[in-house]
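Naming follows writing order (A, B, C, D and E), and every chain is counted from residue 1.
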Amino acid sequence: QDLMFKPGEDARFNWQSYDDFAASHKLDGQTLTIFGPWRGDDQTLVEHMLAYFVAATGADVRYSSSENYEQQIVIDTEAGSPPDIAILPQPGLIADLARKGRLIPLGDGPRDFIENNYAAGASWVKLGTYEGPDASDAFYAFPYKADLKSLVWYSPDNFDEAGYEVPETMEDLKALTEQIVADGGTPWCIGLGSGGATGWPATDWVEDLMLREQPEDVYQQWTTNEIPFNDPRVVAAIEDFGWFAKNDDFVAGGVQAVGATDFRESPAGLFSSPPKCYLHHQASFIPTFFPQGVEAGLDFDFFYFPPYASKPELGKPVLGAGTFAMITRDTPAARAFIEWLETPIAHEVWMAQSGFLTPYKAANPEAYANDLLRAEGQILTEATTFGFDGSDLMPGAIGAGAFWTGMVDFVGGASAEDAATKIQNAWQAIK
Amino acid sequence: MSAVTLTEVSKSYGSVEVLRNINLDIEKGELVVFVGPSGCGKSTLLRMIAGLEKISGGTLEIGGARMNEVPPAQRGIAMVFQSYALYPHMTVRDNMAFGMKIAKRPKGEIDKAVENAARILQLTPYLDRLPKALSGGQRQRVAIGRAIVRDPKVFLFDEPLSNLDAALRVATRIEIAQLKDNMPESTMIYVTHDQVEAMTLASRIVVLHGGDIEQVGTPLELYERPANVFVARFIGSPAMNMFPARVTAAGPDGTTVEIEGGGAVAVPIPGRAEDVGSVVKLGVRPEDLTLTDGPALYSGEISIVEALGETTLLYFTPEGGADPIIAKLPGIHRLGRGQTARLSADPAKLHLFDAEEKSYLYR
Amino acid sequence: MSAVTLTEVSKSYGSVEVLRNINLDIEKGELVVFVGPSGCGKSTLLRMIAGLEKISGGTLEIGGARMNEVPPAQRGIAMVFQSYALYPHMTVRDNMAFGMKIAKRPKGEIDKAVENAARILQLTPYLDRLPKALSGGQRQRVAIGRAIVRDPKVFLFDEPLSNLDAALRVATRIEIAQLKDNMPESTMIYVTHDQVEAMTLASRIVVLHGGDIEQVGTPLELYERPANVFVARFIGSPAMNMFPARVTAAGPDGTTVEIEGGGAVAVPIPGRAEDVGSVVKLGVRPEDLTLTDGPALYSGEISIVEALGETTLLYFTPEGGADPIIAKLPGIHRLGRGQTARLSADPAKLHLFDAEEKSYLYR
Amino acid sequence: MEATPATKSPLTLVTHLTVLLLVALWTLPTAGLFISSLRDKDQLAVSGWWTALSSSSQSLQGRTGAAPDQKEENGVYVITGNLLGDTAGRVSAFGTTSREPEAYEAGAAADLGDGATLTVGEDGAYRLESPVPFESKRGQRVFVTAEQPPRFTLDNYREVLRSEGIGRSFVNSLTVAVPATIIPILIAAFAAYALAWMEFPGRALLIAAVVGLLVVPLQMSLIPLLRLYNGVAEVFGVPAKTYLGIWLAHTGFGMPLAIYLLRNYMAGLPREVLESARVDGASDFEIFTKIILPLSFPALASFAIFQFLWVWNDLLVAIVFLGAQDESLVLTGRLVNLLGSRGGNWEILTASAFITIVVPLLVFFTLQRYLVRGLLAGSVKGG
Amino acid sequence: MQQLFWALGTVVIGVVGCAGYFYVSNLVLDTLLPGRGPDPVRAGRNINRANLIRPWLFLAPAILALGIYLVYPVIESVWLSLHDRSGQNFVGLSNYVWMLNDPGFRESMFNNMLWLLVVPAAATGFGLAAAALTDRIWWGNIAKSLIFMPMAISFVGASVIWKFIYDYRAPGEPQIGILNALVTWFGGDPQAWLTIPFWNNFFLMVILVWIQTGFAMVILSAALRGIPEETVEAAVLDGANPIQIFFRIKMPQIWGTIAVVWTTITILVLKVFDIVLAMTNGQWRTQVLANLMFDWMFRGGGDFGRGAAIAVVIMVLVIPIMVWNIRRANAEMKGH
């Protein structure tokens, strides 16, 4: 495959790191199989990055993905035919694999690297550390590529027309919401539909609100069930989400539409005329699903999902997610690949395309393909707290099951208390 | 009024024409028997009357109304299929009752009709069996029972007795005759291979051959005055013997012929002057031949003797590989193979056919 | 050597016993005909010999070897099924050739055998048709052709001619007889309902009734010396007339009986002293009855007249609803319904049966 | 055989209507999918597919040119262009705010304040005039309500068909599907014959087992089987994921249904015909190949259709036993990979659904003629 | 091109290899125990012996395939169901105990029963109607193909189709789901169909019925065509109208096949999970056993023990169907 940017030609890239890596790693004739979550356009993006690894080392890299990649990786590792490298976005799943002994510890080198070179390095290390089969913790998962979730998308034109300002605090946001209703508009587009994963967008809401109402350690305790799911603090966050979502005037289409609308379709309301809504809470990937032809910065923009002014002690928390690379088969090529991920160039090449954020401080922000990405990157690096997507941290049965269902129930009419208790019971059952 | 009228009816399967311009008028109350060699189209004709087979050409009328397009059920007929066509999933009882149940007749009536038919056909012990647990003959009887129970205007029977034993066949035949007698209004069309059945049951017999009607007439007409060689040989068993001959004299009182390689015979059938010298066939039924010591119509060496008890059949093989000459003598004769026998016949029983195989009687 | 030997063979379907202790010895080269009422077990017996039906009890030997467990293909038999059993997806030609193809015979030989069989059975024009485009009779002929082509040691025919017309039936019957003559080694077992077929073809006839063998013998034996009333009435058509009678005198030279409601007759069949006074049946075949003006064996009012041409049948209905008395007179008689007729018979042709319906001849 | 010529009755009409209704109900969803596959993504999400067939009134947004595009004409600054772009349509109304998108009729001049005016013609051409130069780098947003004729595009298909490696995946799919259809049929047909017509102890038990195994969930089997494969592969030193492996897997998974359907059909064949062949000296093998197989065509064809379908549309088994690598990826896998990681791209989905459907439908059409009537006609008489 | 040849080669080898097994093994048997020969008794004995072996020869590949691909996993499942989530520690029946107390399981069980009642009946019924009716009209084959089409659509396609049908937009907005479009056209309020508890089960069932009708139709159509024409003719003469012929003559004769189709679809229903997974993933109370099992097996790392326990329950549910089928097969054999 051709290299996208000619080595040595563009000053945004750290070619030095590429050359150094190429000089020290020779993997001719070796094969590296990588199994990841990226398909479709994303697969092209990651393959552009991998091309540099191939060019540098001479290894034969085979990347594959699958619609049911979560299932696939379980099957492959269980059956004893894993890839060399697995890249997964769910810490819960990674924890399971680690406990079953399907992962190889990465060792201290990578851990220290993360600790020192990533923004909020300590929290990233925590996210990469899991309990192994022998019940002792080790660093298994190398974070690569982050997503930002604490974003609210809007149309600057619509704001201008109506004379709205970007809110700086949660109080302002709520006031804005009411203001829009008062002006005869509908403030929010919320869609929880996602086929088999229906409900997950609501979990992001709850987590974001959780981070804005409770200190980080409470958030952590929540994701590990050290405090029960139906703890009043959690219930309060859910109810706060309900403030936005369970009000027929606040959401486009009414509450009934929340559960039934696909998350991919719901932002379209921002761009209709007259606008069906003015605000949309969603992660950084969402512009992929915006109508064709809308332009970042011109037709849409985002602002940081603001914290409560009443709780200054919580700072500027950020909810995010990310993917982690793991060695599932210990080969020199796999080790080399982890080392490759430590080079800035491995990040910059993707940053220069789209949809990629990194907390790696050595990666040049100039490499971001556009201002939007750069701004997101900035939020990520400026965050005082980085909360990893809680549902991904919870065990699969909760984070990718009961929590989703509970949120759907909640939006469908159940009380926050009931929904939370149900989730807690489910959690109890898998202990 | 005619019960069934066929006008110029024909039938083709693709390019194969199996029936040609059939004209036939069946009166109400008649029992008409179709006979003819295997494959001559009897079943096809019956199926056309029933409405199971499209009529390629011509008109079919039942009770005076055109029926070509009327669905089978509306034609007021019942049919016994050559291949039985029993409902495999129903017991004998249900098979027979089906038509009446469909017609929503009261249960008591159905039961009575079924029991009655079963009694006639000796099926009572089998009423609750499925067809697959019946013998061939039993299945055929069920098929007949089905038709009897329905009590239609026109009965169509396609070889209904072919799988029955002689005793049962006679019994069933008589039952059918009585059925007919009891229902003088109902019309029956009957296909059979059995001479006796045809002769005893028929009010008229229709002889089919290769898709054409050869002759229509009462049994005795066909037996005594066959229209042509085909009918002559087809009716009567064994078939009529045919002697090639030449006309030597002809007049209104009779015709004299000279049998090839045999003597001259005077036949009391009128002839025409122009016949003299023409080649004809002289027909004699085996049963009309008798042993004689006097002048013989035919003499030859016996090639096979079949003793049937009641009668004895003598077979002679004429030279040139023609059909064997057969004589049927009453009683038991102790004659052996290889002996020579001399045969003569009553001149009144002789038949004459012209070169086109047409009978002199019908010219 | 016996070709086929049945020893105490029996067959049950579940609790229904359809054949009981059948003992039969068929010699090589024989043509044995099974007759019997519908459902008496003929087909079943044939299928057991063929190996298609398990033998519930007893032993079957073919060519001296026990065959109970030998599969059909190894028994050296060919069978014509009552229901044809043609291969629906094969042309007539392939249907007939199948057995030989399986036996891997050279193509030329197969072709010759098939063409030959087709010629005999008049199937040549249909060789390339599928069974569904054939008439009933044609299908049956294909089934026969299949057996002929295979040239087996033992032929099993289950009513092979029931769907053929009289002419073809005679022809095919003669073909089968000739087939038999040409293969004196081959044995044939033949089920039929047709008296004529049975009488003409059989070297021996086996009369089955309700699962038992009633009598085994040559056709003439069965006709002239039936062992019991069943055989007497079953063989011959119409059936033998039975007159209830009482023995008035008996001796080695003959027996005198008095017919119920009629006169006394001296029958030249030996009797025993103890018979005097016992109730018997006097049997007379319809064809042995003649019209008489002298002393009559029976006289009554004619209820039905059937003129068959060659013969005339007179039916009398005796009082008390017994079987009708039938007389079969040669030739054509112009007698009408309701007339009274007086019948007599040659004493030598009379049969006597005791109270158990056994013939006096076999006591 | 057209058996009953005379059955033309009102019922025939009812039959036609009922079938029409059934067909309509059954095709409607698919028709929707098909039409959707010919539309572009944005329309897909805003209007029903049935509206695609007629011209529709749509609300569109556009943006005028910005400062760099302006020209000076007679002292006024002018920006011109067309809001509808290349697409055909007729503008009926327009507006400059999202709250009042239909404020002005086509052709009217909208007052933008500061003396600036905007005129939008029926053809979508706009003219922006101002006595003072434009400064904003952002163009003016314009909302138009336009009557648009139906618009279809083959882009979705083009995109799917042009995607890299699709030809190879197609061949892979065929390589998987053809043997994975034929092998199980062969094996199952023999087994079905044995279960229908051969006598041996344990037959009833086996039939029961087959029924029971119909229910085994596929997902249950994957891990143990793959483990087995890996074990075998290790012993023989061959790769675990091979075509042979996936054929066998499909054979195994398809086996119970195949045996079940075929046995049921074969048991219904007329007994006498088989007996006749047996008397003719045919061995079981010959009876099977020469009599049973030809007579079972309808059943074989029906099962072939289903097995092919299942294999062709399968993704899970293919990925597990053949792998998700580029060179062995099957068509379904390739198409699914075209969809982004988050499963949007419905337009791709719809198009690829129709591309994959072609082969199974071809198979259905070819095999349908084996589902014939009267195969057994003329074989036996009696009921 | 080269790949094409390679593929063709593999295909041929695969198929020929399979056919070869039967041919060769049969040949070997025939050579070892010759069934033809001068001595019929000996040959007969050989044949009888061969007949003891031959069924197993015919069955061997099938039994092998069934054994490896289905029986072995079943045993594994049972074994796994007695273990914990990692599949390593024996836990006895605790997974089953958990199951009985799990509201999710009870809900799935209830929903599954609904599915079992509705889907096989509806699919078989529609299939039968389609098979019977299309046989009577000249455009029947076209109609059949169209009704069959849903079967041919890949599963992903099918789920998209139905999403478009059930799509919900708020009242007042243009509906892009045809169902809601119809409802609003008739003046009703649009509904989020998939979120209406209890009834949403039926909306999901519709999808499976839509797909499976083609299956039922094809199989039943083959069976209908096997009915002896003459019995139908006889019924026509008996005065039965087409409806009576269908219900009283044709249906009883294909009863066996109807049972087979019913059984097959019933079993499919027990296994179905993709529809539920894609449409709702069991939310809004639409969970079914198979999806529940799938959830436990693979989602978020997986709990093999519980997944397997649910699978075992699914298999147990089939036992009545099995028994019924054995009965039918036995009755059928007795008839022979």
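Quick note on the criterion: a residue touches a chain if its C-beta (ideal position, glycine included) is under 8 Å from a C-beta of that chain, and two chains touch if they have at least 3 such contacts.
Here the structure is a predicted model, which means the values were calculated and not measured.
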Any chain in contact with subunit A as well as subunit C: D, E
Which two chains share the largest set of C-beta contact pairs: D-E
Chain whose averaged C-alpha position falls nearest the assembly-wide average: E
Gap in Å, rounded to a whole number, between the CA centres of subunit E and subunit C: 55
Between subunit C and subunit B, distance of the C-alpha-averaged centres to the nearest whole Å: 22
Chain centre separation (subunit A, subunit B; CA means) in Å: 94
Euclidean distance of C-alpha centroids - subunit A vs subunit D, Å: 32
Residues of subunit E engaged with two or more neighbouring chains: 35-36, 47, 51, 228, 231, 233, 236, 241, 297-298
Residues of subunit C whose C-beta touches two or more other chains: 71, 73, 83, 103, 133-134, 136
Residues within subunit A bordering two or more other chains: 68, 71, 74-75, 195
Residues on subunit C engaged by subunit E in the complex (per definition of touch): 62-63, 65-67, 69-71, 73-76, 103
Contact set on subunit D toward subunit C in their complex: 1, 270, 272-273, 275-283, 286, 290-291, 294-295, 374-382
List of subunit E residues in touch with subunit D within their complex: 3-4, 7, 10-11, 14-15, 18-19, 22, 26, 30, 35-36, 47, 51-52, 54-56, 58-59, 61-63, 65-66, 68-74, 76-77, 126, 129-130, 133-137, 140-141, 143-158, 160-162, 164-165, 174-178, 181, 210, 213, 215, 218-219, 221-223, 225-226, 228-229, 231-233, 236, 241-243, 256-257, 260, 263-264, 267, 270-271, 290, 293-294, 297-298, 304, 307-308, 311, 314-315, 317-319, 321-323, 325-326, 329-330, 332-333, 336
Sites on subunit E touched by subunit C in the complex: 35-36, 40-41, 43-45, 47-48, 51
Residue ranges of subunit B touching subunit C (in the complex, touch as defined): 13, 35-39, 43-44, 82-83, 133-138, 141, 158-159, 162-170, 193-196, 199-200, 219-220, 223-224, 233-239, 285, 287, 306-310, 313, 328, 330, 332
